[in-house]
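Presented below are the structures under discussion, each in the form of structure tokens.
Each of the two complexes below includes chain A, the first together with chain B, the second together with chain C.
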Partner chain A sequence: MMPETTDVETINRRRMNVVLGVAVLLASSPILISYFVLIASSFTNQMITGGIMGQLIFTLQNWVLFFEGKLTVTAASVLSFWNILHYILNTFIVAFGVMIVVTVLATLAGYACSRMRFKGRKFLIQLLILLHAFPGVSLIIAVYALYIFSKQPLPQNLWTFYAFLYVIVARAALEVPMDVWIMKGFFDKVPWEVEWSALIDGASRIKVWKDIILPLVKPGIAAIAIFSFMAGWGALIYVMVFLPATEKTLATYIAGLLAGGSLEVVHLPIVAAAGTFYLIPTLAFFTFVRRYMLQTSLSGIKG
Partner chain B sequence: MNLKKKLILLFFLGPMLFVVILFYVIPLFLSIYISFTPMTDWNVNRYLTQFIGLANYYRLIHIMMYDPDMRAVIITTVVFTSVTLAINVLGGLLLALATYFMDERLSVPYQGLWLLPRMTPIAVYALLWYYFFHSSGIGLLNTILMRLHLISHPIAWGLDPRYLPWGAWFIIIFINGLVGVSYGMIIFYAAFKSIPKELIVAARVDGASTFRIIRHILLPLTRWHFTFITVWQLFSLLTSFAQTYLLVAWRVVDSTWGQPWALYVFRTAFTTTKDQGLAAAASTFLSAIGIVLGIVALKVLRYKEMILEPKGDI
Partner chain C sequence: MVSVRLEKVTKRFGKVVAINNVSLEIEDGKLYVLLGPSGGGKTTTLYLIAGIYKPTSGRVYFDEKDVTDLTPAERNVGLVFQNYALYPHMKVYDNIAFPLRLRKEPKSKIDSKVHEVAKFLRIENLLDRYPHQLSGGQQQRVALARALVKEPSVLLLDEPLSNLDALLRVYIRAELKRMQQDLGITSVYVTHDQSEALAIADKIVVINKGVVQQEGTPEQIYENPRNVFVATFIGNPPMNIVKGSVLEDGTIETTGSRLTPPAAMAEKIRKLGLKTILMAFRPENAVVSEHPMEGKFSPLGELFEVEPLGRDAVVTVTVGEFVIKVVMPTKEAMKLRIGSKVYVNIDPNTIKYFDPNTELNLEYIEA
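Entry: the complex of A and B
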């Protein structure tokens, strides 16, 4: 990309920036306000909306109560700190699991789709594009039926472990077609000469892939790793369907808190603290996301 | 191809093929099979061997014709999909144009901000709008309107029968649109950036206005992307239901008028009647639309011609 100075200054750039900046700011206001309400309310004694401003007090109480597993300020707690830690750990397990499965599968298959000649290659690549778009919900019934079937022969003490394994692979499967396609785009950009020189020296294909090509597509690997981690971290439907009710993640915990819309049962600022905590990885990756999104969309959709 | 080559190919493709066959190919056929069984309550052992022909499809067509709730599902699906699709594509285009003509120090944070909903866990994203549209006085929208004295008491935007169906539709369209536009924004923006800058500069030198640059350079050169975004957003709108599911479960949105087809399938199979046979029949419609639309998309977008041959495979 060229520096801005090469543009001919026949238009008033400053005025354009101001007009567009204000317009987009107005359009963005629902996003800004709604995230502000969530995060700010987690630090106040009541929701910052609805109350009278004078009564708002800054407090860390909601965060303490959230980690203690309490739902209201006064009521006795049903859960303990260990339950909450358990849910957070479960969320991490699913997120890391999805990340590992997706990243390994996509870096392997993306390489083959980009670099190897085999029968049915074009068909496979088109199939992946189709699968990426395929309505996953229309399969979840059958995926669940398969799950029930396949867990029956297992001993009961393995069922929880199997549920985690299944939810990870099933959730990863939704991301795989797109990420293979994205990785293919990154492999396509590596010059063939790099690979030839190594192959001519007698190295095997797998060794070349591992030692020479992979380091060159690190940005692609980082991108799909972050995206698939976030997909697993935020997973709701699959976690809700496959994991037993005792094995909650932050998603199903929050979903359960507000089920039925019951306001009496739970102090809303505590939910805001839970939500803000759940949002931390998103905010941590915030600056990477735009760059990686642009990279993957450029190399991903075409070629 | 000798054995060693085959083994290497299996090493690279095997794991992916395993997952694709296990979670796409088999479920597709199994799902169609389940639609021919009376499966309920996930009793696979009892029902999976009973074959009842097209009975589920007859039932589905019957309720589509006579059940007003099912008619609400159909109308909601059509309105929700078409309006949100238009918002996603055109909104994404507008955002991409706006950020393209801005300085980078403005466009980078703005694009980041618009990508935030996409990266936010679904439960948190739904929570934002739970607070926003809440039917009591703590709802942000109610708070603002009451402060401005535009309304005197809180309104249940997505539930109050007086505002249905539009109240519920507005909420589900709004929250899905806000996530959806960022996809178009990123794809269009990347496409605009890949247009040689000289073209824009030359047009400026010749005295073309910004509007004419958009009309005659940027839009014609990104027609492929326009089709791509439209098709892909259509797919995701037909199938995304997680946010809507939570807002229905949390009593922010009416369960009849806030329920597109995909959510109906999910709730019928898992939460309400647990009638998997009927849900599978309803999901077969989605699969059929998915397959037909997908094949059309592959043809229209000419993917086959874009797939390069690996030139130097030895």
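Entry: the complex of A and C
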């Protein structure tokens, strides 16, 4: 039987969608299964792994224990609810700190790289890409040395505050080059004429930037905000190296549970609960910012 | 409303000279068209008037006031860009209100002004839409409304019609001209389309290679171009150029035909000592026929092609090394046979003479 469509260029849309859907599902199945195991395990009495499906019991106990700071069902608490809350707060401080520093710097620098003509501009832009290619870990010794030197003159009661500041700035520094590059691309798409129009209408340079240019690059800002938030939220090595041992974030807390022999002691579903909780803000933040990412429209300007 | 004066203005971008020592006066309340090929410097001139560019040397005056060092806002100009440059994230109302809000005018006054200009340009029903929801012609009106709402001293238009389709262009062209006359606003209009320029201009300024080639009314520019560039840029098709040699007796010989120029012109040619000369004539000032006509200058050529365009046809004839285009009634043109020998009968009174070295029209030269 002949297919209904005879046009050469027409692909059967519905069949195409089914094929694509299955392909995407297959390709992402390892990740989907991992997340499923993690999230489901946090609500059961033991880890969901092969062969024991029959003995699973639904429970919220893991979540209660996680917030109480317990690592096993029976043993006494090493930590309290306040410690966990403290870690969560620390994670937010680092994540939002990195996000703010990166977003502000990358937006300003991206504008400069896109719009201003200065000496060495081209070289700088090429350097940005190169900088991004350096893994952050390779810099850690130098960054640590700088940390030790710079913190000496400060009074001791400021050291914790300085440690946070240092982690945020150091972690942000790794993100900035790529995000400057991304923002430059967004600024490049805004035609000069729009800026000139506003200048002729009587706006100051700052006002043009704030009221005309920024709204047009909102999707870019949303994108780098997400990237940098996630970078801060997931920061592990820099947090471990610079923050004092008592100041953990969720990332270092969970990493700590899985490292150094504690794996045999802890009740893994509690770790699963911690891991699931660790996912929530990222998902929430992503959902919130996503609608700005798709909001791009430069029409009304014919090229 | 003001008059605008450029005084010996030069603008360089690095090593490139975009505008070279241009002096120009734009009369109060008139519509001036800056006409020229792209890259010729006309948009640069417009931006210099707007204040987007600062001249490398020279001064810009609005009336007697030196505005060279003033910002675009302080000059109070309205500018419509080729791509309209509307603010995509603002509704039409906010686009138009933007310049007024920056002036901190009271809300009620802004509202009445926006509605007034919107009514004038017939876009009142579009005020709460976003630019991307509008057609090209509508976006163009919004851009115009935004430029007009601040009651500028000068209205500047940078190729405002080039993004519209051909039919709409002809309509809006007439509307623009009418609007300019109604408001009596000093306007500078940039275009590369010579027919657009001829249609709407009070005065045309032809600019090429950063230099003013000629300034005058559309009629002057069309009838009596100052140099070969203007002659071959204006008109559709433009002027035909034929090279001839000047003989001892003052007549001019080209491709086997002889022409006796008017006595005054012959005298001028003799005084300038020209051995060769360029003759130019408009396509509509000649007729192609199988026999030479009385009282015309009639070089012999071969009919290459006939393109009927409705009432008139463009007839292409090769005469020696020259390709000549003639516009004549289609009915007459269709009687001719492609490839046959034909005469191009040129009205000798319409022929313009140019110096082949300077490419200047001899009528503009004192001899």
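In this text, the second predicted complex is superposed on the first by the 242 of 303 C-alpha atoms of A that agree within 3 Å, B and C clash if a C-alpha of one lies under 4 Å from a C-alpha of the other, contacts with A are read in each partner's own complex, and residues count from 1 in each chain.
Just so it is clear, a contact is a pair of C-beta atoms (placed from the backbone, for glycine too) under 8 Å apart; a residue touches a chain by one contact, two chains touch by 3 or more.
Computed from a prediction, not measured in an experiment: that's the story for all the values here.
Contact with chain B, but none with chain C, is seen for A:Ala133 once the two complexes are overlaid on the shared chain. Of the two partner chains placed around the shared chain by superposition, chain B is the only one that A:Leu236 touches, whereas chain C remains out of contact. When the two complexes are overlaid on their common chain A, residue A:Ala198 makes contact with chain C while staying clear of chain B.
Look at A:Ile212: by the touch rule set out above, it reaches chain C but stays clear of chain B.
Contact comparison for chain A: of chain B and chain C, B touches the greater number of residues.
Residues 196, 199, 297-298, 301-303 of chain A touch chain B in one complex and chain C in the other. Residues 191, 193-194, 196-203, 207, 212, 215-216, 297-303 of chain A are the ones that touch chain C when the two sit in their complex. Those residues of chain C whose C-beta lies close enough to touch chain A in the complex are 50-52, 71-73, 77-79, 81-89, 98-99, 102-103, 130-132, 134, 136, 139, 146, 150, 163. Contact residues of chain B toward chain A in the complex are 1, 8-9, 11-13, 15-16, 19-20, 22-24, 26-28, 30-31, 34, 39, 42, 44, 48, 95, 98-99, 101-104, 106, 108, 110-117, 119-124, 127-132, 136-140, 142-143, 174, 178, 186-187, 189-190, 193-194, 197, 200-201, 204-205, 207, 210, 225, 228, 231-232, 235, 238-239, 241-242, 245-246, 249-252, 262, 265-266, 269-270, 276, 279-280, 283-284, 286-287, 289-291, 293-295, 297-298, 303-304, 306-314. Residues 1-2, 4, 6-8, 10-11, 13, 16-17, 20-21, 23-24, 27-28, 30-35, 37-38, 41, 47, 49-51, 101, 104-106, 108-109, 111-112, 114-118, 121-122, 124-127, 129-131, 133-146, 148-149, 169-170, 172-174, 176-177, 180, 188, 192, 195-196, 199, 204-206, 209, 230, 233-234, 236-237, 241, 250-252, 254-255, 258-261, 263, 268, 271-272, 275, 278-279, 282, 285-287, 289-290, 293-294, 297-298, 301-303 of chain A are the ones that touch chain B when the two sit in their complex.
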